[in-house]
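There are two complexes below, and they share chain A, which is joined by chain B in the first and by chain C in the second.
Our next item is the complex of A and B:
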């Protein structure tokens, strides 16, 4: 696999939008051509090389290419948008919309990500080693068709309304979650290893949510089914004992499942 | 500025010109006999089609419900985005474009007039404010009368004269153009949580039926000598089996004499988006097309003109004053629903809708629209619409035109993309008729102009007409629309040259200049003072009792109209 190394110069005060930083956009181009790819700086288009040093070796196909962003790009948005193959690794923080509408390949952020990471994701793998803000793997504003495939893993904590309108794929949050994870979820799997503040699966119609930590406040629209051990989710066995709920019956014909660890969640069962 | 559009192949039905090579001369925004060729700007239209600017008699482009559609569908906005370029504003929206983009998109297709088909009177100021920001196109708005408390009370008492005075006052106060009737009695019933079924089911409390409202308002329309006929959205929209209600509604104003003070319409009824009203069966399971029965009625009767409301097979946004219908739709598709009750006047609803080609019901709806176009013999009785954005956005008109002109285009769609129901539940697959360019010019130009009462200056290229002209890069002498339908669609989507009031506004499909602001047509009827004052006093009293605004703050001042164009009615 050939590697392209983007070394960020100083991050500007006005954010950059760099949906051209994908193996798809780089494939088949020389280093000089890659330097000339356009990114947005506010409402002005500039060459990639204005904010990044570009080095390394290009490849003919996206699948044979790895892009390494060697530094912190906390004010750069839309890295990896619509990527279909290859790899991106960011050795720092990123701004909003990392991996939006991703279809394939692997994108790793070693630092933190701002909101809307993996919005409308269709395939591939997005890994965030640090924290992420709100709307991880959510639908575009107003849309009722969200993430449909692929896998998102966040090792840190996340904000509110993650997996909103999720339709497929898998999301794993190792840390804690704010409110309304899996709101309006229709399908797919959301696994939360930490704690949740409130309203898990609000108005969910389908799909599965597993919470291994503590849910502070649970919704009234879920029907308690009973305790299950060694639960099977997405072909995997998750050890331990869980309270099983079906809902959210605030939605007509709802058939979603929430598993909450028995340990620490006694207060949410009737 | 003088222009001469040279050598084009002209289709101008109002002047009986069918594909003749002819020069069109323009001076001071009007079509003239001749210009001084040495001074005039020459537009070479050799091998190209020349038509008058297109007229959309029924669309939803300005006002409160349209704006709700924009605001609550950011996911629609992102599907069509235009950035700010030379002299233009940025904009967005596929099914509900922003105001500026609405003007640009119509002009790019060679359309120069578009009518907002549902204006809640109380919200007319908002509608006109959006017109201010809608460039290029001439326009008018249709205030809603079919569930108005004053109208229902006057007609219940049999006081047609007072009703006429009220209508004339409201048209003036809202700067409105016609009597729009939506699900008469039904939207009022919705304020009580219900609906009416058929034309003889009375509204709660007011105890008046759709039939009585339609009849009364049709009489009022002719008493006032309005340019357009009553504009009716029938009861039971979108319900299987509704064609009987539709036929019964069509019969109600039959026999009333047309009496337009301006223009030359013969119709006393304009029935809109009839596709949604041509359904047989009793449920969605045994749902079938009854377009044949409707077309048969239209073929045999001369008192009405219809528009189709063709389904375009897109994801779109439905919006109408038919509040109960939108609730039904939301119950079917489960998508987000906005609803509004407009005090003493009307209501409305908004719901996104997906006309998926492979799905059974949308396939039949598509077929029904096409059947209406193809089974009604006289294009002088049909207007091309998609009830934009209800059955699809107006930007699909070029596609609808290509479907009408190419049996092959339709057959490919029916065989490869549509659900089998299109063939099983309608006759569309057996109809081979293809529209000519002359007939296209009828359903998009002359018929709407005539039925709107604007044919003196609109919808044709005769001397004295407004210089609204579209030139399309399609050569009927060398290209066959029947087989070259994709080229035709592209040619109409992006007109080669469009003039509005004699200014070139579009070149090669791009808006190059917005010219002068479009006209706002509205009705200014002079009435005998006695009855007018009596009615206004009555209205003022009701305002104090029921309205949330003061009587004095209600009327839209003429200052809101950048290019006010009043059309006079008659004395009572």
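Our next item is the complex of A and C:
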């Protein structure tokens, strides 16, 4: 696999939008051509080389290419937008919309990500080693079809409304979650290993949410089914005992499932 | 009537330029080209017409030089404003809710011309309602239907007794075609954690815990769909009272849900409205049920209308790439300021200096701020350039949208030598075009 190394120069105050940083956009181009690819700085278009040093070796196909962003790009948005193949590794933080509408390949952020990481994701794998903010794997504003495939893993904590309108795929959050994970969820799997503040699966119609930590407050729209052990989710067995709930019965015809670990969640059982 | 030789003039059918109720039956007493009294207006509307004591009005454009304001001409001020906007990489234009639609339309043109982010005060009031209605719909009606038909009126998270003082008298106490006795023909439900002056009038007061609107609505919807509540209380309200309230809502012939800041900005924001709208939709399985957001500024609704006609998006519109994009959370005024994205700001017809959080104000203090504003406000104190306009609804005419989306023509009551918001903006657009063409 050939490697292209982007070394960020100073990040400007007005954010950059770099949807061209994908293996798809770089494939088949020489290093000089990649340097001239356009990115947006506020309302002005500039060459990629104005904010990044570009080095390494290009490849004909996106699937044979790995892009390494060797530094912190905390003020750069839309890295990896619509990528279909290959790899991107960011050795620092990223701004909003990392891996938005991703269709394939693998994108790893070693630092933190701002909101809308993996928005409308269709395939591939997005890994965030640090924290992510709100709307991880959520839908575009006003859309009722969110993430439909692929896998998102966040090792740190996340904000609110993750997996909003989720339609498929898998999301694993190792840390804690604010409010409303899986709001309006229709399908897919959301596994939360940390704690949740409130409103798990609000208005969910389908899909499965597993919470291994503590759910602080729970919604009255869910119906308690009983305790299940060794639950089977997405072809995988999760050890331990879980309270099983169905709902959210505030929504017509709802058939979602929430599993909450028995340890620490006795207070949400009626 | 005379008063020391000055003729008192009476102007009828004036539209009040204060809140979204947009009362259109105000009578103004005018003396010597000045409004000296009103009839029918509420206290807040009255004080806007006659100017609150202590208010300081700007009569000349001003620019800040070495920390002090000095007077300049309109032409100089417009040139300076155009220079700032044309040279910025991410200008922000915020406010728009206390001016007329024609000025807002010119504002949209200016935003596109300068590739700016344009946002109105909805983003700190009913923006969550807009997001929710985009997700799940908007079963709305007009005031006339409420007055003539409503037998169940719900005020959720709002206190119209103080914020929209004539709202209750026009919709709850008023006699309507099918509600001949007025108040006795209607059941009033108020949902508010506090015992507000509106709640004191209620037949049923659901005094829920703070920030638990979504929890209560979730339970109410489940009950509405025939499920039981398995907990003794939800959101601090006993389940029996929830069953009782849902029964009243189900039996409504024509129900109306008015909702305000107490639900749009409590925990969960647009999701509270989303689930409230869904409850209203569910209630239509039983009778007729509708909703109206309690919009604050008199023409905050108008900006959302204008922005939607012109860009496809109601607020938080980002023209930076030359075409409109939209994502509240990224392109809202507070997002732009708190994330330190904006590098210049134009404020018109609102006062973010008084209402925005500290972190937003920090950015405002660092970047050039243009204020198109008639009065001395916390925003003008932070501004580098102040351009005073004539006040719409008093000194200039124009169109405004009432809270439920009915357009009403605002009257001009007295004359002013100042340019209107629209005229100022048209001149800035013209100058920006010249600057862009010369590059």
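Rule of thumb we're sticking to: the second predicted complex is superposed on the first by the 270 of 270 C-alpha atoms of A that agree within 3 Å, B and C clash if a C-alpha of one lies under 4 Å from a C-alpha of the other, contacts with A are read in each partner's own complex, and residues count from 1 in each chain.
Please note the rule applied: a contact is a pair of C-beta atoms (placed from the backbone, for glycine too) under 8 Å apart; a residue touches a chain by one contact, two chains touch by 3 or more.
Because the structure is predicted, anything quoted here is derived from the model rather than measured.
Q: On chain A, do chain B and chain C fit together or clash when superposed?
A: clash
Q: Taking the superposition as given, does A:141 touch the first partner, chain B, the second, chain C, both, or neither?
A: both
Q: Looking only at contacts as defined up top, I'd like to know whether chain B or chain C touches more of chain A.
A: Higher number of touched chain A residues: C.
Q: Check whether A:223 is in contact with chain B, with chain C, with both or with neither, and answer first, second, both or neither.
A: Only chain C; A:223 stays clear of chain B.
Q: Considering only the touch criterion stated at the top, classify A:14 as touching first (chain B), second (chain C), both, or neither.
A: The second partner, chain C, only.
Q: When the two structures are overlaid on chain A, which partner does A:161 contact: first (chain B), second (chain C), both, or neither?
A: In the superposed model, A:161 contacts chain C only, not chain B.
Q: Give one of first, second, both or neither to describe whether A:183 is in contact with chain B, with chain C, with both, or with none.
A: second
Q: One more residue to check, A:202. First (chain B), second (chain C), both or neither?
A: In the superposition, A:202 contacts chain C only.
Q: Jot down the residues of chain A that show up as touching in both complexes, chain B in one and chain C in the other.
A: Common interface on chain A, chain B vs chain C: 141-142, 144, 252.
Q: Within their complex, state which residues of chain A touch chain C.
A: 13-15, 17, 40-44, 96, 115-116, 134-135, 141-142, 144, 161, 179-180, 183-184, 198-199, 202-203, 217, 219-221, 223-224, 247-252, 270
Q: In their complex, what parts of chain B are in touch with chain A?
A: 72-76, 78, 334-336
Q: What residues of chain C sit close enough to touch chain A in their complex?
A: Touch list, chain C to chain A: 88-90, 114-116, 131, 134-135, 214-215, 217-219, 221-222, 225, 227, 229-231, 234, 267-268, 271, 274-275, 278, 282, 319-322, 326-330, 339-341, 343.
Q: What part of chain A is in contact with chain B in the complex they form?
A: Within the complex, chain A touches chain B at residues 139-144, 252.
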